[in-house]
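Taking it in order: structure first as structure tokens, then the write-up.
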Amino acid sequence: MSVFMEDLDAFTYRERLATGNRLVIVPVGSVEQHGPHLPLTTDVLLARAVSGRLAQAVGALVAAPVVYGYKSQQRSGGGNHLGGTTSLDATTMIAIARTLTHEFARHGAEGVIFLNGHFENYQFLYEGAELATRELAARGSDLEAMLLSYWDFVDDATLEEVYAGSFPGWDVEHGGVLETSLMLHLHPELVDLGRVMDFPPAELPRYDLLPVRPELTPASGCLSSAARGSAGAGRLLLERTTTALTEAVDGAFQRNLVASTETNP
Amino acid sequence: MSVFMEDLDAFTYRERLATGNRLVIVPVGSVEQHGPHLPLTTDVLLARAVSGRLAQAVGALVAAPVVYGYKSQQRSGGGNHLGGTTSLDATTMIAIARTLTHEFARHGAEGVIFLNGHFENYQFLYEGAELATRELAARGSDLEAMLLSYWDFVDDATLEEVYAGSFPGWDVEHGGVLETSLMLHLHPELVDLGRVMDFPPAELPRYDLLPVRPELTPASGCLSSAARGSAGAGRLLLERTTTALTEAVDGAFQRNLVASTETNP
Amino acid sequence: MSVFMEDLDAFTYRERLATGNRLVIVPVGSVEQHGPHLPLTTDVLLARAVSGRLAQAVGALVAAPVVYGYKSQQRSGGGNHLGGTTSLDATTMIAIARTLTHEFARHGAEGVIFLNGHFENYQFLYEGAELATRELAARGSDLEAMLLSYWDFVDDATLEEVYAGSFPGWDVEHGGVLETSLMLHLHPELVDLGRVMDFPPAELPRYDLLPVRPELTPASGCLSSAARGSAGAGRLLLERTTTALTEAVDGAFQRNLVASTETNP
Amino acid sequence: MSVFMEDLDAFTYRERLATGNRLVIVPVGSVEQHGPHLPLTTDVLLARAVSGRLAQAVGALVAAPVVYGYKSQQRSGGGNHLGGTTSLDATTMIAIARTLTHEFARHGAEGVIFLNGHFENYQFLYEGAELATRELAARGSDLEAMLLSYWDFVDDATLEEVYAGSFPGWDVEHGGVLETSLMLHLHPELVDLGRVMDFPPAELPRYDLLPVRPELTPASGCLSSAARGSAGAGRLLLERTTTALTEAVDGAFQRNLVASTETNP
Amino acid sequence: MSVFMEDLDAFTYRERLATGNRLVIVPVGSVEQHGPHLPLTTDVLLARAVSGRLAQAVGALVAAPVVYGYKSQQRSGGGNHLGGTTSLDATTMIAIARTLTHEFARHGAEGVIFLNGHFENYQFLYEGAELATRELAARGSDLEAMLLSYWDFVDDATLEEVYAGSFPGWDVEHGGVLETSLMLHLHPELVDLGRVMDFPPAELPRYDLLPVRPELTPASGCLSSAARGSAGAGRLLLERTTTALTEAVDGAFQRNLVASTETNP
Amino acid sequence: MSVFMEDLDAFTYRERLATGNRLVIVPVGSVEQHGPHLPLTTDVLLARAVSGRLAQAVGALVAAPVVYGYKSQQRSGGGNHLGGTTSLDATTMIAIARTLTHEFARHGAEGVIFLNGHFENYQFLYEGAELATRELAARGSDLEAMLLSYWDFVDDATLEEVYAGSFPGWDVEHGGVLETSLMLHLHPELVDLGRVMDFPPAELPRYDLLPVRPELTPASGCLSSAARGSAGAGRLLLERTTTALTEAVDGAFQRNLVASTETNP
């Protein structure tokens, strides 16, 4: 049975939440250029897919995604001046995270997991969750929010396997091997490998300048090359990440978590 | 070729926007209970589908959807106290509409159409678009925003055909014949007609009370019965609505609009 | 004795609130052009007058009015581009409704009724009252807010009597028969019937465009003609509306409501 | 002819503004306890009356009043904990002043004068006007905002005449001789001198404590006694103040200001 | 031992707060031109120094200062158009006061004293403290906030001694005798008496105009002359003010306050 | 001559800014526990000191510091639940960065450099600077904002020299070798090495949990041990960092930057 709230009617959702582990995973993405070979909603699709795997594994539900994210920054996403990239301000992202935490608490959730798929979102999700959990605690609720970016759960061995020593760092992974491989595994029809621009990793300064100087972003909009990407690497990354995330959620919420197929027959 | 931004890479999106009619349609939905027979994201799915048909007809692009909407109100959506319904505050909705208008203006759009699929959203989208277009006009931009709810384009003849005299009013159409028929036509796998609760239309007072009194909302969460719904009625509603919307957009933007298959070969 | 807070000193106000039905009615208006024959504060004057009648009938007090309202929209008030129309932003209207609800709760009110006289205000009053009542409920208060627009309490029989089959719909009633008749009955010195521009009802599209296209608004600024208006119709409308409102408030607050002259000797 | 916007239709308002001195005076008051002998809206009534006199003298128009004001502070108004006192937050007051400045600029005003009748409002009106005039200047507008509290225009000779050496300071004038005398002159039907509590001026500390300690506020809610108030003193205060304000406005806007009866025949 | 939080490690701070009088004094200043003879952070330095003396006397701790303040106003600080003056908006000042009150409450403080050194800040600190103490009270906290401007504690005898009959009023004391004398006493290395411009006190109107008319501010940026300032006067002012403040704090918090050297051995 | 705005009068500041490189460096810190051996304002002191060195080298001025910063997060600063840590919300930090950028632009600065000394601040400074530079660009200003955290300019060779292979990562450097060494070099009187708690680096999870679980933070509040810290390492770190920052600023602003002692004789 589907773990995605989007596929459920309200009666089923309520029953699943009440009888399951009371965990809701919120995938958070962005609408952001990802070069000529990946779709604009790559971050949404990947956050949603990882959330689905994780929800299956721990008996959680997946909320409808937060589609639009915070502004793309030049050092991690090419910059928000690029056409197609469509972003929200900080206060809006904060408000979204804050309100959704309150709403899932109202539904009876005991844990809300923001699973982030867009580097720039993190601090704003943090602030929203911080405000909401503080407000909830003041009213006696013990809801916990968990925040994470899925790539932080790729271990060094997997990095070595996938990148063979050429891992350029997460900051310039934008539109690179990780995202391309995962998309090739999950949504191959939306990837056009023939359009990959094979540049060496971008060398961006250790500071930000605003307004951005467009010439610092590579022509591709990607910060490292996706040429090494493959569906096989994508499958591997997804499996390893899901396993590590499952352990993390299991540990954090200290429960006997069982796969959703069992808890929700 | 797809009119959905979600399916396009940034390079293609930019080219399509620059060479097309420079119109972007933003579907706006909600995550809201729609009774036991429809999924929580019914409003998103319908706004997105109507937007796609309209975009095909007028040569526009469809933005990634605004998934979460304003709070469900008891007289039009059953109330925001119900489990599953997951909503944003007014200021957040306003900020989303305001920022997206600015972002599509930055991309080079000349018209942004907010196609609303959730009754309660309208005034907040209006405020966001009003603020943004005023700010843009002060800088010399002549971007225009258009706001509409798709059901306002169902004409009386179609209402008569679909409802056979039993049209209960748009305010109580929540989870009723219109939405159910459209879903049966577009996403039959997400509808379970066997779970429809066949009540007469809800009789709600001419005022709002807050906090809501839950007993005023029917047990189904729907404000009128979907029992008369059918895929055929859905197809008819979609066709008629698309035609009326196409005329409206054509008239509003006073252009020689051609179907996107021609303008974007 | 006056039911208007504006006429009372604080000691009397406190006593009246403590010994009466603990209901406060807040009239909400606007400063908005109403054609060449009605004053700019028509909505304030009418909301205030209806509030006074209702307060007399149910034993409530009338708060000082909220004078400025939300922006006039082209399809219901001619548009906010017109000279004389002077409006507040959405967040300000929300803040006003939210704060006033809290303030009257602090005074000891058990019910706060926002009696709206300007079409465009409703959703923003709703949001303000929603936020305040939620916050109050979290602190153990059981204050209830009621929201209504007074014209929703004009029944079909009265419409038929007043309009004789020519009722154009509430959305285009701006500056039309209802408002003009009520003003003729209540404030004849502020109405100049000789300046009425007798046009057929405006035909506005089913969508909003921003910035508004001024040419869509009739030269009068009114959306339907006031030529049929009369003091007699005004008296009838006021009586019928007051009666219906009294029943509604009585029903909503489920009390033995007695006229204020009795409860507050 | 009336100088009050509230009495004018939009066509007349526009003509008056276009052909007059293009000055709009906005009276700003409060809903605040003023002891047992004065009504809750004393500040609104006085600001409105002074504005009317000033408008007559300088050829300006008077906007509809800002009725609700900033919170009453213990050292100048008794404190916001008192029943009947009904106040807005700082950000709301700022937003009101900011938006109204923009709105009157849109109408074609060249000067907006906030005539304050409630001590606590001043800094928030200042901030609103500061933000708006800065924004307007950035767009090329040269609208000027003027801010003043009317009692600052009572000269020492008049103070001596009215108080005969017992002037207690403006901070504790709340509900005292000035306001009571003006009300006796302007709205005697709303004053009940028999209810004046004749205490010596309150001795409040040189600091604020929050939450306020209610016992520091006199039982009357007034900070000085109104017993010396008289209609004659009120007339004198109104005349002198109007004269001084007229000179100030004349000087500030450096125009040949003529009484409105002449400029607007 | 230092009473300044800035000099303490967290462990020592916690111990001092827990075993002392649980009072935290927050010095609030500004970055504002103070003429050619005083540094831009004069208000910060003075608020911090007075806070230190007061903390010693009453057994409190001094928080790190709020360095930037509200906009300089022409009638009290020369105006915010002047180079060097660097100010925050009202909502930011309010947020700072609100948040700091909450933070010190979280640390276990029972009283938070905002000791203001910049005329224009007061109302915004008030609003922030008002919001925070109301929120804290709703949660059962009995934290009290105290707000004061240090010059309000200079008594008439001292004024006479220092100004010898020429006291120009606090509003035009900006960069004048008080601040210069205190700086000569406390930070003589930052004062250059040779650069004092010896003008008579500025004669500013009884109203504000925005945008400000720069020609109304004296060329020095000071509103009265500092020529009479001396280190001796500074010492006297500091001593007298500290004594009066100590009495006020002692009285307000009604405790047996002992000098910090004793309570924190 | 001092490069610190805090030491300058307004006339000197204006002259220095007008005749120098028109760069203003804003040190941004925090009030945050840094273990038992470092003062609460360590981040302010270090950001200020590095800013001073940099300003000397490139001919810039140093603004008064932003003292309070964003909430301490458990994975980079121990968490905001700890006593002594005193933080602002995200929207306040954003507003501060936004307003200061506007203020220095008004003074005539062409570049504003936010030199960050507290890990958690970065994204909020970015948002503030992004909003301000966008607004300024819309008005024709070409002011540029630069954002950086000073530790990002410590190169690998220096890390090796200082840590001898034991560098634990910047995220857990809180209260560790870098900060302690710099403080020993710059403010030895505020460091108490005898109080260092010598634990191995904290092992925090790859996610955040809110409310934080206090037991995850080491008892010291530090995330790695400062035992290896020394004044010599501090001097080395300061020199190398200043050199790298100077090159970065020189490169970014592409000017012939000369040391301030020459440009401002």
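Residue numbering begins at 1 within each chain, and the chains themselves are lettered A, B, C, D, E and F in the order written.
By definition in this document, a contact is a pair of C-beta atoms (placed from the backbone, for glycine too) under 8 Å apart; a residue touches a chain by one contact, two chains touch by 3 or more.
Every value quoted in this text rests on a predicted model; they were computed, and no experiment measured them.
Taking the definition of touch as given, a chain qualifies here only if it contacts chain D and chain E alike; none does. Considering every other chain in turn, none proves to be in contact with both chain B and chain C.
Seen from the C-alpha centroid of chain C, the farthest chain centroid is that of F. For the pair chain E and chain F, the distance between mean C-alpha positions equals 26 Å.
Mean C-alpha positions place chain A and chain D at a centre distance of 55 Å. Between chain A and chain E the centroid-to-centroid distance comes to 47 Å (mean Cα coordinates, whole Å).
For chain F, the set of residues touching two or more other chains reads 89, 91.
Contacts between chains close into a ring here, every chain touching precisely two others. Going from chain C to chain D and on round the loop of contacts, you meet the chains as C, D, E, F, A, B. Listing the residues of chain D that touch chain C in their complex gives 5-14, 17, 31, 33-41, 44, 63-68, 82-89, 91-92, 95-96, 99-100, 103-104, 106-108, 190, 192, 195, 221. Residues of chain D touching chain E in their complex: 71, 73, 80, 89-91, 94, 120, 122-124, 126-127, 129-131, 133-134, 137, 144-148, 152-153, 205-211, 248, 251-252.
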